[in-house]
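Next up: the structures, one after another.
First chain A sits with chain B, and in the next complex the same chain sits with chain C.
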Partner chain A sequence: ETHTQYERVGADVTMKCGSMDWDAAVTWTANGTDIDESHLNGSYLILKNVDLSQSGQYSCYEGSSWHLKYQTNLRVGTPPKEPVLMCRSNNYPKGFYCSWHLPTPTYIPNSFNISVIHGTKDMVCEKDAVPKNRCHIRYLQLFSTVKYKVTLTVTNPLGKNFTTLTFDEFAIVKPDPPESVVAKPVPNNPRRLEVSWQNPSSWPDPESFPLKFFLRYRPLILDQWQHVELSDGTSHTITDAYAGKEYIIQVAAKDNDIGTWSDWSVAVHATPWTEEPKHLTTEAQITETTSASTSSFMAPPTTKICDKGAMVGSGAMAVCWTAGLVVAAYSVLFI
Partner chain B sequence: SPTGDSWGIFTFLCAALCNLPALPALNCSEELGAGQSIQQTYDLTRYLEHQLRTLAGTYLNYLGPPFNEPDFNPPRLVRAEPRVPSATVDLDLWRGLTDNARLAANYRAYSRLLCYLRVLDGQVGTAELRHRLAHFCASLQGLVLSIGGVMSSLGYPLPAGPAAPPAGPPGAPAAPNDFLKKMDDFWLLKELQTWLWRSAKDFNRLKKKVPPAVVTLRLEARGF
Partner chain C sequence: MAAAESPSAALRRRDLCSRGIRLAGKMRADVVDLLDAYVEQQGLDASASVAAVEGVPLAAVERWDEQTGTQRLLENLAAYRAFRALLAQMLEEQREQLGEADTGLGRALAAVLLQVSAFAYHLEELLRLESRGIPGEEGDEEEEEDGPPPPPRLSLFEQKLRGLGVLRELAQWAVRSVRDLRQLAKPSPATGAAPGLAESS
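Let's look at the complex of A and B:
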C-alpha cells in the first residue's frame, strides 16, 4: 500500500520497510533511483536533516525477489506561519468579504477555516469558488454598534496557526476604484482636459450611499501630482494643464461619510488640444489663415449690461453684479 | 455655451438670494427650503460626528481602562428596558422606511440621546468635560430642531418627544454599581456615534427624494 508521510524541514526521518524485520535485506529507491546503503540502518532508511528536494516517492523492495514491500510518499514541508487576513466591504451596505494567504509557503496542503462572530451570533462566511481563499458575508443588520470578530485558522499535517481581526461595520468600507476613466482634450482650449468616469460596478447603491472622488493628474515630465477632491458628479474639467504636454490622470473613490479611499484607478493619458501646425503654403493662403486665426483669438466683447441674463464669454471673468465677488467666483464654475 | 452660462448663474442666484421678493417667476419658498434644510441637517450630523470623536476620547479617558482601550469590545448586556435607542436596523426595513418614518426615527433617537447626555453632564467630575458636554449638547439640540424643521416643512407631525429632561433615565433602573454605570456611559457614546453615522445615510436618502418642486423650478427657469 502507498502512504503519505509529512515531515518538517530539518527533521530526521526514519522509514521502516513495512512489516519487515530490522535485519531483512532490502533495497530502497527514491523516485525510482536506488539509494546508497550508507543511508540504511538495517532495513530502515535514515534521512537526516531533510530538505524540500527530498520529497518524493520512496519504495522498499525485498532483497532478492524485488518484491515491493512498502511505498511512501514523503512530503517535506513546514507548519503554517500566522496567516495574513484582510476583510473589506467594497459593496456596502450589502456585506463584506475576507481574503487570506500565508506569508510563506508550507509546501504541503493547507486547509483554512474561517469563523465570524457578531456579538453573540455566529455568522457563516460563504467561500467563493474564485478566487480561492476568499469568502463573503451578507449584512443582516445595518448600523451595528457591535464589532465583528473574524478568526482564520490554518491547519496542515505539521501544525496549525490562526489570526483574528476585530472591526466595526464602518471601518472596513473601501470601494473598488472608479471604472471607465476617460480623458479627452477640449477643442480650442489648449489648457483643458475633460475627465469622466463611472462608479465602480461593485458599489450597489450609489443613490443612497453616494461616493466622493479624488482626482490626481500630472504631466508625464513632472513628478508632482495635482489633486482635486470632488464631492459629487463623475466628471471634471482640468483647466490648468500645460499646453501640449501629455498628462497622466487617475481617480479614486470613497464613500461620502465612512471608510477609506479606494486604490487609484487605471491611469489614462491625454494631451490638451493644440492648434494645427501650419504647413508651408502660398502667400495668399498665408494671409488668409493669419487673419482667420487673429479673429478667433480676439477677446469677446465685454458686456457692461448688469442683467441676470448677461452673456459671459468663455475667457471673461467679469460679471457685473452688485451682489459681490461671491457671484463672480461661482459663475466661473458654470462657464 | 452662452445659454449654459446664464442658466448656471441664474440657478446660483436663485439659491443664494431666494429670499428676496424682487426675483420674478420663482417659487423659491417651502420646497426649496426643505431641500436646503435636509442639506443643513446632513452637514450638522457630520459636524457632530467630528465633535463626538474628541468628546468621546476625553470622556473614555475619564472613565479609565478598559473603556479607553481601542480594542475594548464588551458584550452587550441586555437590560430590562433598552436604555438608549439603537441605530441598528434590518437592512431591508431601513431601505423601506417612508420619509416620515425615517425622519421620526432620527428625531426620537436624538431627543432621547440628548436627555441622557444632559444627565451625564450633571454627573461628570472635571470642568473640561462639563464644558465639552455642554457644548455638544447645545449642538445636538440644534440637530433635533433642524430635523424638526425638515419634518414641519414637509408637512409631517413631530413625534411626541420625551418630557422635560428627567433626573434619571426614565423607566430603566439605575445601574447598581460604578462599573456598570460606566458601561452604560460607554454604550451611550457608542450608540450616539452609530446614530450619527446612520443619519448621514438617512439624510443622503432623503436628499435624493426632495419633492419634485425642484424640477418645477428648473422648467420655469428655462422658459424665462
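Let's look at the complex of A and C:
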C-alpha cells in the first residue's frame, strides 16, 4: 500500500517504517537508490529542510529479508498564494466568464472553488473544459444596479487562500478585438489606405448591441500614432498617409454604450499606392553601363559600400576593395 | 393575428425610435454627470450600496430579450413617469435645504427632469403610433377617493441616499431604453411589422 505525503518546502520530515519498531534494522531507498545511514535515526528516515528535488518515492525494507515494509510518495510543495482572478463579458448580453491562475506554482495538486453571488442570489459558474481555469455564467437579469461578488478559493494539501472581486454588470463588458482587419492601397491615390474589419465573432448580437471602433495607424518609421474613433461601420479610409511609406494599422472595439475598449487587433501593414517609375528604371541602366565602360576606379559618391578601413590604393585613386570588385565585374561584362 | 404595418407607420416608428435613442443617450450622459455632482455635493461615498427604495422603478429585468414591443414601451413609460415625480421631489427637497439659491446641482436636476418629461412624452408618441391606449397616470385617482397616507418624512441623510438610488436607477434605465428602442426599430422579417409590436391572438 503506497501512501502520499505532502510537505512544505523547508520543512523537516520524519518517515516511519510502517509499524516497525524504532530499533529495527531497515534500509530506506529514494526512487530505488539506497539512502545513506546518516539520514536515519533508528528506523526513522529524517529529511531536514526539504527541497523540491527531494520529491519522489521512498521505500523502507526490513534489514535481512528485504521485505517491503512501507512506501510513500513524498511531494514537496507550498501552500497557495492569493490567486489572481479576472472576470469579463466579451459576449454581452449573454453572460460573462471568470478566469484565474496562481501567481507562483505550488508544485502539488490544487483545487479551485468559485462562488458567484448577485445580491442575495447564488449563481452557478459552469466550469469550461478548456481552458481549465475558467468558468462561465449566463446573465439571468440585465440592467441591474446590484453588484456581482465572485469569490475564488484555492486549496491544496498544505493550505488554502482566496480572493474576491466585486463589480457592476456594465463594468466588465469588454469585447474581443475586431477580426479580419484588412488594409489596402487605393489605386491612383498616393495618400490613401482603405481599412476594413469585422465585428468579433464572440459578440452575439451586433445589431441590437452595436460596437464602436477606434482605429490607430502610423508609418513604420515614426513612433506617434494617429487615432480615429468611428461610431458605426466597419471600414474607414485613411486620407493623410505619407506617400510611399509602409503603415502599421490596428483597430479596437467597444460596446456603443457601456464597458471598456477591447485589446488592439492584430496589426496589419500596408503601403499607399505609388506610381511605377518606368522611365527612371531605363535611365539608371544607361548610367551604370556608362560608368562601367569608362573604367573609373572611383566608387560612385552616393553609395556607401565601404568603411575607411577597407580602402586600397591612395589619394584620388583610393577605392574600397568591394567597390573595386563590383566595378571590375561590370567591366568584364561589357568588354 | 399580426396586422401588417403601413410603410408610413413603419417609417414614423423608425424615426421616433432613432430620435428616442438620441434623447436617451443624451439623457444618460447628463444623468452620469449629475450623479458625480450629486455624490460630491451631498458628501456621499460613490461606491455605497443603496438598498432598493420603495417607489424607485428598477431597471433590472429577466428575459429582457423575450419582451414584446408593447411591454417595452409600457414598462419604460411607467418608469419615466415615476422618475418625473421622484426628480420633482428631489428638486423640492434641494430648495428646502438650500433656500431659493440657484445652485448648479439644482439646475442640473431641473435639466434632467426636463429630459425625463420629454422622453416620457416621446414614449407616449410611440404608443399612440401603435394605436394603444396610453395608460392613465396613478396620480389621477387620488382626487376621487381618499388618497394613501403621506409617506413618513425622511431624515436629511435618508433623503440623500434615496436621491443616490434614484439617479443610479435612472442611469441604468437610460441604457435600457436605448436597447429597448433599438429592438423596437428592428424591422420584422415575416410580416413587416415590428417584432413584438404585433399582438398575438
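As a working rule, the second predicted complex is superposed on the first by the 278 of 335 C-alpha atoms of A that agree within 3 Å, B and C clash if a C-alpha of one lies under 4 Å from a C-alpha of the other, contacts with A are read in each partner's own complex, and residues count from 1 in each chain.
One rule holds in what follows: a residue touches a chain if its C-beta (ideal position, glycine included) is under 8 Å from a C-beta of that chain, and two chains touch if they have at least 3 such contacts.
Remember, it's a predicted structure, so these values are computed and weren't measured experimentally.
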item: Touching partner for A:Lys16 - first (chain B), second (chain C), both, neither; value: neither
item: Partner chain(s) touched by A:Thr120 [first = chain B, second = chain C, both, neither]; value: first
item: Touched partner set for A:Lys81, first chain B, second chain C, both or neither; value: neither
item: Contacts of A:His136 with chain B and chain C, given as first, second, both or neither; value: neither
item: First (chain B), second (chain C), both or neither touched by A:His39; value: neither
item: Per-residue contact with chain A, leading partner among chain C and chain B; value: B
item: First, second, both or neither for A:Arg216, with chain B first and chain C second; value: neither
item: Which superposed partner A:Lys149 touches (first chain B, second chain C, both, neither); value: first
item: Residues on chain A lying within both footprints (that of chain B and that of chain C); value: 93, 140-147, 170, 207-210, 257-258
item: Of chain A, residues touching chain B in the complex; value: 93, 119-120, 139-147, 149, 166, 170, 207-210, 256-258, 308-312, 319, 323, 326-327, 330-331, 333-335
item: Of chain B, residues touching chain A in the complex; value: 2, 4-13, 16-17, 46, 71, 73, 75-76, 86-91, 94-95, 187, 190-191, 193-195, 197-198, 200-201, 204-205, 208
item: Parts of chain A lying in touch with chain C, wherever the complex brings them together; value: 93, 140-147, 170, 207-210, 257-258
item: In the complex with chain A, residue positions of chain C that touch it; value: 25, 28, 49, 58-62, 64-65, 168-169, 172-173, 175-176, 178-179, 182-183, 186
